[in-house]
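Got some structures for you, see below.
After this come two complexes, each holding subunit A, first together with subunit B and then together with subunit C.
And then the complex of A and B:
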């Protein structure tokens, strides 16, 4: 059993605090992804778990053992680096077997484990080559093979796909996912790419400025972002975020934003939101569509807008609308007709997909999803 | 067009080689010229007859074999000492953060600013009481001190060329920091070690100033000092001097042949994505 527990973990560099009171329980065999913009502390946190950075405060446990003061070699972890970090003077076989040789395992065992990992990763024909004679994708595989062979408690990945081109990145992403299904081990994976986070993770940890913004499943992070930051970071194209105010509207309350019609709030979801409050309105591009090609919506509300730009992407298209001074993105799946910039088009927005955040703190104002039924 | 550029390039290379190697050619030419032809034939490109008499004299009758031996000991000793120390200093500068690191690096640069002539007297006064004047060890100590700063910076830049992730990967794979240094970094540092050895060996091999000042006895002289003994009261014995100088070129040539394969870079290729 190798769960990883982080308790109030802190990292300081002189006066600068890179990681603030990081608390997280990672379950045995769980695939957890740390995601966030560069400088958010995700790599630092990973490197503290690896033992490559000292921790300035708090406690880290791997498999119920406190590892705060253990050197990396004593933590029984493997790490895949962004730049692969293959030993250039060793063949693929020697690279993969290095950890086992250091552990003084018998030759036959090393041979057998290296062969098994190489088979799994399709590296068998390259075993005698030096890293210099391999392509980027192959080097990436060798780095993963080196990690697997040691049969560690925890796999750590530090932006492993960032140096690959887009096509290869997609392929390797799928391979990592398949690999985790075959080699069940706890995985902590750092990336700035929210697509990698969404596709790979059992749980996503969204970080910002050294703090955790949200820890949840990819589904929850996407559908119920805990803050305006998470809402804007997860999802591509990003959620439309519009500065707005709540106003009393007959019996209920609606949201008023320049250029938009009044958007009535569902009291079941926004019961605790009072009138006359500065809020940020969040609408995913998928929740907005021209009326003539809109699918079924739970709570449609019609409005008119000008299409200023169309980006056709084949199976889908992005429409850019001018609403007040904001530019709003709408995402249309399988557009049925040719789309072009056009004035005064009838649109619908699904109010059931509305997110509200406090304009000051950025905190989510929607009632928790479990409370709605 | 392509062959034209190629030919032009070769012409430039040839011109450079001629320019660089001509003094060497002249050295060998004079060492092979019989004494009686040296002045009578003037500056013809090749003398009408050649002789090995200068070489036999230098090897068999002059004290030069002893000078060579001294120089080999001093140069090798210096090269090894400097390289070992610089390997440690360069590693510390490259991989560790410690208080006063920047100040120390600046200080090392400052030591390079003083003209050597300035420090000869104080150095002599320092070495004399501890019995290091007129010893080969004394020379090794002095050469090591003076070559160390540059060598440390040279090593530092080679370490900087090796990604830190390699050591980190090794430490995760079960190495201590020292094992990572020996098993992973050292093999990749061979070009740096080769370059440092070569640089320091050559510098020590041809050093004249300190050898002249610190060595007095005939049996401990290095060859650079020894060369001066061909300058006599009645004139300079050019043939023997050039023969000795030609022989003095052999050890550095052998040394560079031995280390040249490590001087070729590109050994780290493939470790990380460029």
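And then the complex of A and C:
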């Protein structure tokens, strides 16, 4: 059993605080992804778990053992580095067996474990090669093989795919997912790529400026982002974020934004939001469509807008609309006709897909959705 | 426009024969000044020197000059001083280079870790290299003198010497005086080159190794040493040749004495040529030294090639 617990973990570099009171419980065999823009402290946190960075405050436990003062080699972890960090003077076989050789394991055991990992990763023909004679994807596999061979309690991945080209990155992503299904271990994975985070994670930890913004399943992070930052970071193309105000509108409350019709709030969801409040309105591109192509929507509201630009992507298309001062993105799946810039087009927006954030703090205003329908 | 006019004839095809010959001639033309200087100051004196070794050539006896076959080499074979000088050269070179390597590597490892005042310390370490060997020889000569220096008394206090006397006048120990000076003077060279090599080792390899469970010693053994090995081999090679060939410290400190006890081959060459004025014999000694050093270099490069695979 190897759960990883972080309690009030802090990292300071002199006067600069890189990580603030980081609290997280990672379950045994869970796949957790730290995601955030560069400089958000995700790699620093991972390196503190690995023991490569000192912990300035708080406590880290791996498998119910406090590891704060243990050197990396005593933590029974393995790590895959961004640039692989393979030993260039050792063959693929020696690279993978290095940890076991350092632990003075018998030769037959090393041989057997290296062979098993190599078979799993399709590296058997390359065992006698030096890393310099391998492609990027193969080096990546060797780095993973080296991590697996040691049979660690926890796998740490530090942006492992960011040096690969887009196609290979997609392939390796799938392989890592399959690998985790075969080799059940606790995994902590750091990336700045929200697609990797969404596809790989059991739970995503979104970080910004050394703090946790949200910890949740990919579904919840996408459908109920805890803050304006998370809403803008997760999802591609990003959510449309529009500065707006709430206004009293007859019995209920509506959101008013320049260029938009009044958007009435559903009191069942936004009951606690009062009138005359500065808010940020969040609408995913998927929630907006030209009326003639819109599928069924839970709470449709029609409005007119100009299409200024169309980006056809084959199976889908992105439309850019001018609404007041903002440019809004709409995403159409399987566009049935050719789309072109056009004036005064009839659109619908699904108000059931509306998010509201406090304009000042960025915090989510509607109650988090608990039931997944 | 003349370029455009004749380009269709040659473009897209390999250059014609005269053209290629011209290209070769052009390269030799540019190399000519360098080659002639090397020939003038190295190859010609080398050939002349080797030819001297097969001659009877003593400045005092100009009338008896002439070819004498391998007579100089036969004399050399039976010359006890030659064998002593050869053994001393080996001892001098081995101890000097071994300690320079060991201390230089130690210094490089220390300087590779950050600590307060590192920049100052680093420039201090490299200072001896800037001191002329001649001056450092004089300094060490004084340091070994019990009348002006406390060093012999200290060596006695720690039990290295039985009494505070001058080791430079002791036939059994005289050679270790210049060796000490040579070590002091040559450590910076190893420290500089090895520090540069250490800085080129990617840090994440050490991180990967520490996660893979390697202890500090294992990281050193399996990462640092393999990375440093090419640099160590080439530095040892260079230093061995330089140290083996350098007579100045010994000449300044002991003049090969007392009674030839600290004579090395380069010194013996020097004394034969400019004290006995026997250029033939000196040339034979120098030729032997050169052949030995060439054999040594080839051997070391061969070993390095084998290790590299």
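One rule holds for everything that comes next: the second predicted complex is superposed on the first by the 370 of 373 C-alpha atoms of A that agree within 3 Å, B and C clash if a C-alpha of one lies under 4 Å from a C-alpha of the other, contacts with A are read in each partner's own complex, and residues count from 1 in each chain.
Note that in this section a residue touches a chain if its C-beta (ideal position, glycine included) is under 8 Å from a C-beta of that chain, and two chains touch if they have at least 3 such contacts.
Small disclaimer: the values here were computed from a predicted structure and weren't measured.
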- Side-by-side fit of subunit B and subunit C on subunit A, or clash: clash
- Query: A:98 contacts which: subunit B (first), subunit C (second), both, neither?
  - Reply: both
- A:85 contacts which: subunit B (first), subunit C (second), both, neither? both
- In the superposition, subunit B vs subunit C on subunit A residues touched: B
- Message: Going by the contact rule set out at the top, does A:132 touch subunit B (first), subunit C (second), both, or neither?
- Response: first
- Could you say whether A:163 touches subunit B, subunit C, both of them, or neither, answering first, second, both or neither? first
- In the combined picture, which part of subunit C sits where subunit B already is, 2-10, 164-172 or 200-208? 200-208
- Query: On subunit A, what residues does subunit B touch that subunit C touches as well?
  - Reply: 50-52, 71-73, 77-79, 81, 83, 85-87, 89, 98-99, 102-103, 146, 150
- Note on the structure: Residue positions on subunit C within touch of subunit A in the complex are 202, 204-205, 207-215, 218, 222-223, 226-227
- Message: Quick check on the complex: what are the subunit B residues that touch subunit A?
- Response: 163, 165-166, 168-176, 179, 184, 187-188, 267-273
- Item | Residues of subunit A that touch subunit C when the two form their complex | 50-52, 71-73, 77-79, 81, 83, 85-87, 89, 98-99, 102-103, 146, 150
- Message: Going by the contact rule set out above, which residues of subunit A touch subunit B in the complex?
- Response: 50-52, 71-73, 75, 77-79, 81, 83-89, 98-99, 102-103, 130-134, 136, 139, 146, 150, 163
